[in-house]
Amino acid sequence: MKEFTPLPDKPAPNDVVGIIPWLKDNLFPTPLNSLVTLAIIAFFVTVIPPLFDWLFFSANWSGTTQAACTNKDGACWVFVIAWSKQFFYGSYPVEELWRINTCLLALVAIIVASFKLHKDLRNKIAIPLFLLLPFLSIILLDGSLIGLEYVATDYWGGFTLNVMLAAASIIVAFPLSFLWALGRRSDMPFIRSVSVILIEFFRGVPVLALFFMGSVMLPLFFPEGTNVDKLLRVWIVLTLFMSGYMAEVFRGGFQAVPNGQYEAADSLGLGFWQKTLLIILPQVIKISMPNILATFVMLFKNTTFLLIIGIFEMLSTTQTALTNSNWLGGHSTEGYLFVAVVFWICCFSMSMISSSIERKLDTSHKN
Amino acid sequence: MKQLTSVIATGLALSLSLSAQAGTLEDVQKRGNVSCGVSTGLAGFSQKDENGVWSGLDVDVCRAVAAAVLGDASKVQYKPLTAKERFTALQSGEIDILSRNTTWTHTRDTSLGLNFAGVNYYDGQGFMVSKALGVKSALELDGAAVCIQAGTTTELNLADYFRANGLTYNAITFDTSDQTRAGFESGRCDVLTSDQSQLYALRIGLSDPSSAIVLPEVISKEPLGPVVSQGDDAWFNIVRWSLMAMVEAEFLGIDSASADKAKAEGNPSQKRLMGSEGDSGAKMGIPAEWGYNIVKQVGNYAESFERNVGAGSPLKIARGLNAQWNEGGLMYSSPVR
Amino acid sequence: MSEKPQVKSSPSFFNNPRNRSLIYQFLLLAGLVYFFYGIITNTLANMEARGIKSGYDFLFTTAGFDILMSLIPYDATYSYGRTFIVGLLNTILVSTIGIVLATIVGFLMGVAHFSKNWLIRKLAVAYIETFRNIPLLLQIFFWYFAVLATLPSARQSLSIGEAIFLNVRGLYLPGLIAESGAGFVYTAIGLAFTAIFFLARWARKRQNDTGQQFPVFLTSLGILFGLPLIALLLSGIPFVWDFPALKGFNFRGGITVIPELMALALALTVYTGAFIAEAVRAGVQAVPHGQTEAARSLGLKESRIMKLIIVPQAMRVIVPLLNSEYQSLVKNSTLATAIGYPDLFTVFVGTTLNQTGQAIEIVFMTMAVYFVINMTISFVMNRFNASVELAERN
């Protein structure tokens, strides 16, 4: 038998490969499009060189005081560098910083573990640890309970406060919002209405108003003579706010679980909690994962609003730095730009993760 | 219910402290630090530096009290507060002293359950305008756009002043001093109004400070001072006399450098203030050397003033009303005897 | 599970689902009553101990401060109740502007994601990913302090025909002052809208019945401008222009759009627009590709495919997302307080709370307002959603 040898592939026609056809196809397909392309290019050409000059080439990098910023045509990064410890860790004592780093590492480790560990271990170790983490972190950061040096919450601050506050809120919001979502699906009319009111209240009210509630109203709710730490009050408020949003995310997840799953669980004779926790919840979490992450990104960005009630998170630390009498030279652009970049990196990577999970979960064949 | 809520609160709160009925002094001595409410950031008055160290004229009051009571000016726990929270924090016992550029007014003194322990800075609301406008007096500001740094009384004083003089204006209210400065600098408004002490700080923040001038008019009286809760006279006395000691030390010519000398070989008045004569400390239930500790560790009023807002600081505010009474100012201390 | 030897005909009292649910609900009710009772007694005790006034009397006392921008007459002699309304109207104004503009920007950018032009496509992605991931507060600062602050001063205003001026103090537009007879023109405008509404209904019915199309858009445009124009001429033009002019420090006369409003509306538009663009992208991608292919095989033009086939189907995905974006836009408008735009939050929770100290009443009123606004949006969008869903089945 004669062996079949295919002819070699012919190269694509010259007018569809190479840079010029690509340009023609993608940048100048129609006259109007070409105009738009040219306008965009012109814009970049005029904006980018002076911007880069200000950002990098003429910028002031070295020094420790404002006086080191000699070139007025460039950014004064000395400001950011000098304040960087405050921006990231707040006034937390330098020799105790390992505690913050430990907490952050633990957070990362547990998140990684819950993705990578074997399923049995994951359920038995990672999830309980995850739920306990906020409390363990607080004990470690506070220090007074375990014999470390006591660090009052007034010294916590900076970017790590944004991260930890957001993480602690969402973790505690997990079980709470799950209960609210269950309540909203419940057959019991009173429980259902209470859940609906709670969810709609915390979703319908601006988070700033909730912060004000935490800072000005909550102290009045506690018995006379008790005073609850401001950060703790804010944490309570953030958790409730987050629970409202997460409950709706979970509700969507519940609706996406096919009815057959409930029926199958019922026919196996599982009780309500067994059915909910062992059969439904894992599916709900899997389905809701991208939305949970999106909600977390929103919460994380919202922690900057704490500036309005005087908590030293990153943005308000920046403002404090700007009002310091030794740094009154007007470095607001540098400060705010730095904060924006830090937040952008975090939020963008989280939304990348979120969409990669979405793609992994999406097994349908739409197109 | 109260019990249940406090049990829940205790469970949640780590730094929860029940304000004991014993009295603030005992609390402070037991805790080993003075809890002091300060501003979240006000140039020269209470500010944090890049190492997290607090300084400022208001902060020095807290440090003086800590020096007097605990013998160590660094034993202060600073609680940064916004204007809205400050009185609640004091009333609920979260802080022992509020030293946050708070104006002494009748309402606050009489109806909020507070006591003003004295005045550490005599301020007043003023105006800053751009030199290019050629304005010499606030009365020429008819129709101007005014940038305001939001405060509790700033907006009211401004409205009163313009109404009383039959002038119209547009008020643009900003939240923080940095935003106010940026608004003024961009030309959003012709005039910037704030307490005079802050006008100087804002002026330095301009990219060209010489382009703006502070007008001579002062449209309000703003005596700023430390505040304590009503009903604890012992603590009230300590705070009042800690402040007085700084003023008195300046009057008697004692500063942190000469404190040791004054204590050992000064004249009787100096020795009484330094605690080497008399029992002024015992009468307040604090160490005899309270005055010495304040002056040695914090300095006298002049030192604190110059270091934080005066010639030794970027603000360069003149003493003016805050000079000693015998130099044309209002700082007058009762004698320690 | 252990075996059950016998099956009871009726379960025990506690195992009866009805009784159980009653017990649970009763427990919850008791808990809630206990909780609120505690909070209320604590609060009353605290307020008395701290000498805080309560009640809504403060709404009728003189405010004593001025507000930068007000849609209704206001000065320092009005009451706190009036400041509440002024703030509320300002909030509604900026939210409405934000919602309209964000929808336009969002749809444009969402569709731009599918453009043939590589640069436009990448620009749309860059826009979405940049502005979605930076805290809104920073964006407001950016627009206000970095962009609008670079406009020229009042004396060097940019101007169009000495009628429209733009400077760092705001945008000054000529205003219309109504004289007697203006009511006639207003009636004509109202009439024009009613006519368009009925015309559109008639045209749709005719198209459904006969398949003939009627140029509704052009006719509506004609009615909208024609009718008031005729009324204007008939009543002898009862309006005079009020041109802004530089007097003293500032422009006076005309309509002023303050830069705080512009910055806030811009920031809200750009931020929410990015989210809407993402929703539009998701919505368009959710439409099966077969739909496009079917439309092409019917010989529809590309632009019409988008408009007639893709977008209406994508709306099913987009509308619920729009609902929540609109609600967050309204809630985010509270950040006005950072740049001093006098919205409800700034004047009420800001200045009024500072001056009266009545935190409970003020925070409660403010929360109630935002809650009601959001419920209204939710109601309207759900109605809209229902209409979109219906269109799919027909």
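Chains here go by letter, A, B and C, matching the order in which they are written, and residues are numbered from 1 within each.
As a working rule, contacts are C-beta pairs under 8 Å (C-beta built on N, C-alpha and C of every residue); 3 or more make two chains touch, one makes a residue touch a chain.
The model shown is predicted, which means the values in this text are computed figures rather than measured ones.
Asks: A-C versus B-C: which has more C-beta pairs touching?
Replies: By number of C-beta pairs in contact, A-C is the larger.
Asks: From chain B, which chain is the farthest off, judged by mean CA positions?
Replies: The chain lying farthest from chain B is C.
Asks: Please tell me the distance, in whole Å, between the geometric centres of chain A and chain B computed from their C-alpha atoms.
Replies: 38
Asks: So the centre of each chain is just the mean of its C-alpha atoms; given that, what is the distance between chain B and chain C in Å?
Replies: 43
Asks: Chain A to chain C: how many Å between their CA centres?
Replies: 25
Asks: What are the residue numbers in chain A that touch two or more other chains?
Replies: As it turns out, chain A has residues touching two or more other chains at 212, 216, 219-220, 222-223, 308, 332.
Asks: Would you give the residues of chain C that are in contact with at least 2 other chains, written as numbers and ranges?
Replies: Touching at least two other chains: 39, 42, 49, 145, 337-338, 353, 359.
Asks: What residues in chain B touch two or more of the other chains?
Replies: If we look for residues of chain B contacting two or more partner chains, we find 2, 5, 84, 88, 175, 182, 185.
Asks: Show me the residue ranges of chain A that touch chain B in the complex, using the header's touch definition.
Replies: 82-83, 85-86, 90-92, 138-139, 142, 144-145, 152-155, 212, 215-216, 219-220, 222-223, 225-230, 232, 236, 308-310, 312, 316, 319-326, 328-330, 332
Asks: Under the touch definition given earlier, write down the residues of chain A that touch chain C in their complex.
Replies: Result: residues 25-27, 29, 33, 36-37, 40-41, 187-191, 194, 200-201, 203-209, 212-213, 216-217, 219-224, 269, 297, 301-302, 304-305, 307-308, 315, 332-333, 336, 339-340, 343-344, 347-348, 351, 366-367 of chain A touch chain C.
Asks: Touching chain A in the complex: which residues of chain C?
Replies: Where chain C meets chain A, its residues are 1, 21, 24-25, 28-29, 32, 39, 42-43, 45-47, 49, 52, 116-120, 123, 129-130, 132-138, 141-142, 145-146, 285-286, 288-289, 327, 330-332, 334-335, 337-338, 345, 349, 353, 359-360, 363, 366-367, 370-371, 374-375.
Asks: Would you mind writing out the residues of chain B in touch with chain C in their complex?
Replies: 1-2, 4-5, 83-84, 87-88, 91, 111-113, 133, 141-145, 150-152, 155-156, 158-160, 163, 169-175, 179, 182-183, 185-188, 190
Asks: Which stretch or stretches of chain B touch chain A in the complex?
Replies: Contact set of chain B toward chain A: 2, 5-6, 9, 12-19, 40-44, 47-52, 77-82, 84-85, 88, 92-94, 175-178, 181-182, 185, 201, 204-207, 313-315.
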